[in-house]
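Shared between the two complexes below is chain A, which pairs with chain B and chain C, respectively.
Presenting the complex of A and B:
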C-alpha cells in the first residue's frame, strides 16, 4: 500500500516534469550554474613546467597557483557536483541519484555509452573522476570555438534531464518485465 | 560620430592587436602562428594586407611602435621578432631577438621612447630587450627575482625606465629598469625614491589570490591600476603605496585596463562589455558607467507556436536559453588607445576579444549618450 503510493507519487511527479524534492532543486541548480559561469573564464596558457606544451592545467595539476580550490555542491549525500577549475580548463563531475540496483545498472550503462563516444561529444571526459558517474572537461579551446553561455546552458540541461531519462528507462524496463512475466506465466495456468 | 564601429575580423580569438601611427593599418594576431597586417580600405573597414610568418606556435602578443614604425611579436615558441618595414620591397622583414627564455612568451610592449621593449614569459622572468648595432640583433636583460609564476601583463611608465608587471603568483610589481647601455639618466620619483640598478623591486602589491590580468600606469605615471581574476579593480598612488584602493565587482573578472585620463579608466573582460571607473587624485576608485548599453528594447522572449515546435524538434527544448545582449559575444581580452587629444587623454579606444571582433568606441559620443559617464 505504502510502496504503491510512493510509486504513484513518483509517476505523477515525473509526468508533471517536477521532482518530488522540488524545494532543494532550484537553489542547487542556481549554485551549480553560477559556479560554472565563474569557472568557465578560461584563457590560453602555455605550460610553465614543460616547454612548448599547452595542456589542460586541471588534468596536469603541475602548478598549484593556476588551479582553483575544487568546489563540491551537494544536494544530498547521493547527488552532488564537483567543479575543479584552473586557468585554462575546468572539470565538472556529476554524481547521479541512483536509488536502487536497477537505476545503478541503467546509469552505469547509459554513462558508459556516452563516454565511449566522448570524441564526438567534445566536452566529455572518457573516464569519470573517482566517486562520480560522469565528468566533463572543458578547455579554453572549447570556450573559444563555442559560446560560453550555451555551454553552461547545455551542462545544466544535461544535469536536469539525466534524472528524468533514467527514471523513464526504469519505468519502461519495469513495464516490459511485467508484460513478459505475465506472458510466460500464462503457460502454467 | 557613432558610438562604436564594429568589424568581425576573424571567427577566431584575437590574442593581440595594435594600430600604426595614423590608424591606416592594424596588426592583429589570431590564434594561429601567423600575424596579419590589415589595411583600412575606402569604406573604413580593415582588410587583410600582409601576413607575417615566422613563428611556429601561437602568437600571444603584438605591439606596434608608431613613431619608429616597427612591430614586435612574441609567441608560444619562446621567440620574439622585431619587424621593420622595407620601403623598396614593400615587405616587413623580421629581426632576430635573443630572448633567452625556455618557456612561452606571453606579452610584449614597446617602451614610450621605442628604444626597447619588455617581454613577459612563462619562464617566470621579464626580458627587457634593446638593439645591439654591432651584431644587428636585439639582446635582452632579465628580471627574475622575485617573480614566481607566468607573467600575464606588463606596462611601461611614461619615463621609459620603470616597469609594472602582473603575474600568476597574484602579485603586481614595479621594477626599476634603467639601462646603462642605453645611456639612461633616471631621476628619483615617488616610485623610485633612490636611484636603483636594473631589476630592483620597487613595489609589490598583493591581489588576494587573483591572477593579475591587466596593469597600467596612469597618463602621468603617478597612479597604477590593475585588474585581477578575483573580480577586483585596484588603484594605488605612488605617493602613498601603503593604501591600495580596491573595488570587488559582482560580475565576471576583467582582463584588460586602459587609462582614459588621469581620473578615469576603462576595463573589460569576461563579461563581454567595457566599464568605466572614476578615480580621484588620491587614488580612490568609484564605479562610473557601463559602456555597452543597448538603445532598442530587448528582443521578445516569447517564441511563436511554430518556432517553439521547431526548436523542440531541433534542440530538444522549447526554452529560449541564455541570450547575450552585448556587442562582444565572448570575453574582451585587450583594450588599446586609438586616438588621443593634445593633452594625451584618450578620445577613442578599441577592444578585441575571443569572438574575433574589433570594436572602436568613441568617447565623446559615449559621453553624450550615457548620462552617468564622466571622463
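Presenting the complex of A and C:
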C-alpha cells in the first residue's frame, strides 16, 4: 500500500513536468534532514586527553573512537552538505549554489554578514570548513538547551531560505541597474 | 532620488540666503563637490557687502586649453574676477548691485563646476556640428587616476570614461549596471549608444599614454549623435554626461547599502526562528496565559 502510494506520487511529479532541479530538491533535503536527525544524538563527554576539559570532539578530532564517519550529501557538484558527527558534537557544512559572479559575491557577503554575528546564532561557526560556504557546530550543550526537532527545522529552513534570498537579491540588483540606466538615458532627447 | 542634481546645493542655498537677506550678513563657508572639487564662500576683506565664491578643481588645468576661461567669462560676465590664492576660479558678488532675479543668480553660481566642463564639450560638439573631425583627442583627468577622452567625428562625438573600482564587489555589480546601460537603447532609441569593456582600453584609445589597466578598471564609451550635440540640446547633454561616473558609483553604493539592509532583516528573521527552539519561550507563554 505504502509502496504503491510512493510510486503514484513519483508518477504524478514526473508527469506534472517538474524540472530535473526541482525533482532533486526534495530527496536532497530529505536525505539531509534524516542524516542530521541521526547525527544529533549527542551526549556529554569529558575530554580523554586533557583532565577536567570538555571540548567538542568533532573539532578536536584527536580520538578516533568517538568520531563518526563523515557523510557528504551531494545534490550536484556545486551544491552539497557535509555532516561530521562525534559523540558530543556535530558539524554541518553547506556549499551553496552560486551560478555566476553576482551570486558568488552575494553569497559571500551574506555568509560573512551572518558569521560575524555567530555569537547571536549559537550554533553558527565563525569560519566555514574548507570547500564550503558556511558551517554549523552543534554541541550537546545546545541539544540540552534547545529542542532537537526545532534545531533540525531551523537548519532545513535555513537551507531553503538562503537560496531564495540570494535569488531575490540578484533580482533586486538587476532591477536597480535597469532603473538607473533607463532614468539616465531616457533624459537624452 | 535617482538622478543627481547638476547644481551644488550648498552653494545655491547659501548664496540664495545671503543675496535675499534684508541686510548684509557675514559668510565664511567651505563646501565640497564630486570629483574632488572644493568651494569657499567668504567676504572680501571682511566686507559684509561683498561675497567671494571660489572653486578649486584639479581638472581645471586640463580644461584651460579647451577654452574654459572664455566660457566662464561668457557665463558670469563681470562677476568673474582673478582667482583667489590657491583656487582656480573666483566670482565676486556685490550685494548692493546684484541683478533682479537673485535666486536665478544663485543657481547660476552653483553651476560653476558644470560650466567649467561645458568648455570642452561645447568645443567638440561644435567641431561635429561643422561636420569635421577633431585633430586631437581631449584628455580630461576629472578624477584621481580616472580620465575622460573626447573625440569628434563628422557624424558623432565619442566620450570614453575610464573608471576604477576600488572594491572588488563593485567590479561585479558595475558589470551588471553597465550591461543595463548598454541594453537600455532597446527601450529608448533616442539614447546615445553605450559600450563598455573591462581590463583593457578600447581600440579608439590606442597610442594614448598613461592608460590605466587591470581587472578592476572599466572603460565606458558613449556615442553621442547629432541629435544630442546640436545647439538646443547641448545643455541637457552636458548636464547628464559630465556626471556619469559619479552617477554610476553612487548607484552601486546605494545598492550595496540596500543589500546590507536586506541581509540584516533576513538575519533577524533567522534568529527569530532559532529562538523558537528554546524551551523558555514555551514556559513564559504558559505563565502569561494564567
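For this structure, a couple of remarks:
Just so we're on the same page, the second predicted complex is superposed on the first by the 165 of 189 C-alpha atoms of A that agree within 3 Å, B and C clash if a C-alpha of one lies under 4 Å from a C-alpha of the other, contacts with A are read in each partner's own complex, and residues count from 1 in each chain.
Note that in this section a residue touches a chain if its C-beta (ideal position, glycine included) is under 8 Å from a C-beta of that chain, and two chains touch if they have at least 3 such contacts.
Note that the structure is a prediction, hence the values are computed from the model and not measured.
Annotation for the three-chain superposition on chain A: chain B and chain C fit side by side.
Which of chain B and chain C touches more residues of chain A is settled by the count: it is C. By the document's definition of touching, of the two partners only chain C reaches A:117; chain B does not.
By the touch criterion defined above, A:54 reaches chain B but does not reach chain C. Look at A:157: by the touch rule set out above, it reaches both chain B and chain C.
After overlaying the two complexes on the shared chain, residue contacts for A:87 are found with chain B alone; chain C is out of touch.
By the touch criterion stated above, A:44 is placed in contact with chain B alone, chain C being left untouched. Residue contacts after overlaying the shared chain place A:130 against neither chain B nor chain C. Of the two partner chains placed by superposition, A:77 touches none, neither chain B nor chain C. Minimum Cα-Cα distance between chain B and chain C in the superposed model: 5 Å. Residues 147, 150, 153, 157 of chain A lie in contact with chain B in one complex and with chain C in the other. For chain B in complex with chain A, the touching residues are 12-13, 15, 31, 57-58, 60, 76-78, 102-104, 106, 122-124, 148-150, 168-170, 211, 229, 252-253, 255, 269-270, 317, 321-324, 329-331, 333, 354. Of all residues in chain A, only 101-102, 104-106, 109-110, 113-114, 117, 120-123, 145-147, 150-151, 153-154, 157-158, 161, 165, 168-169, 172-174, 176-189 touch chain C in the complex they form. Listing the residues of chain C that touch chain A in their complex gives 2-3, 168-169, 172-173, 175-177, 179-181, 183-185, 187-188, 190-192, 194, 227-228, 233, 236-237, 240, 244, 247, 251, 254-255, 258-260, 262-264, 266-267, 269-271, 273-274, 276-279. The residues of chain A lying in touch with chain B in their complex are 37-38, 41, 43-48, 51-52, 54, 63, 65-66, 87, 143-144, 147-150, 152-153, 157.
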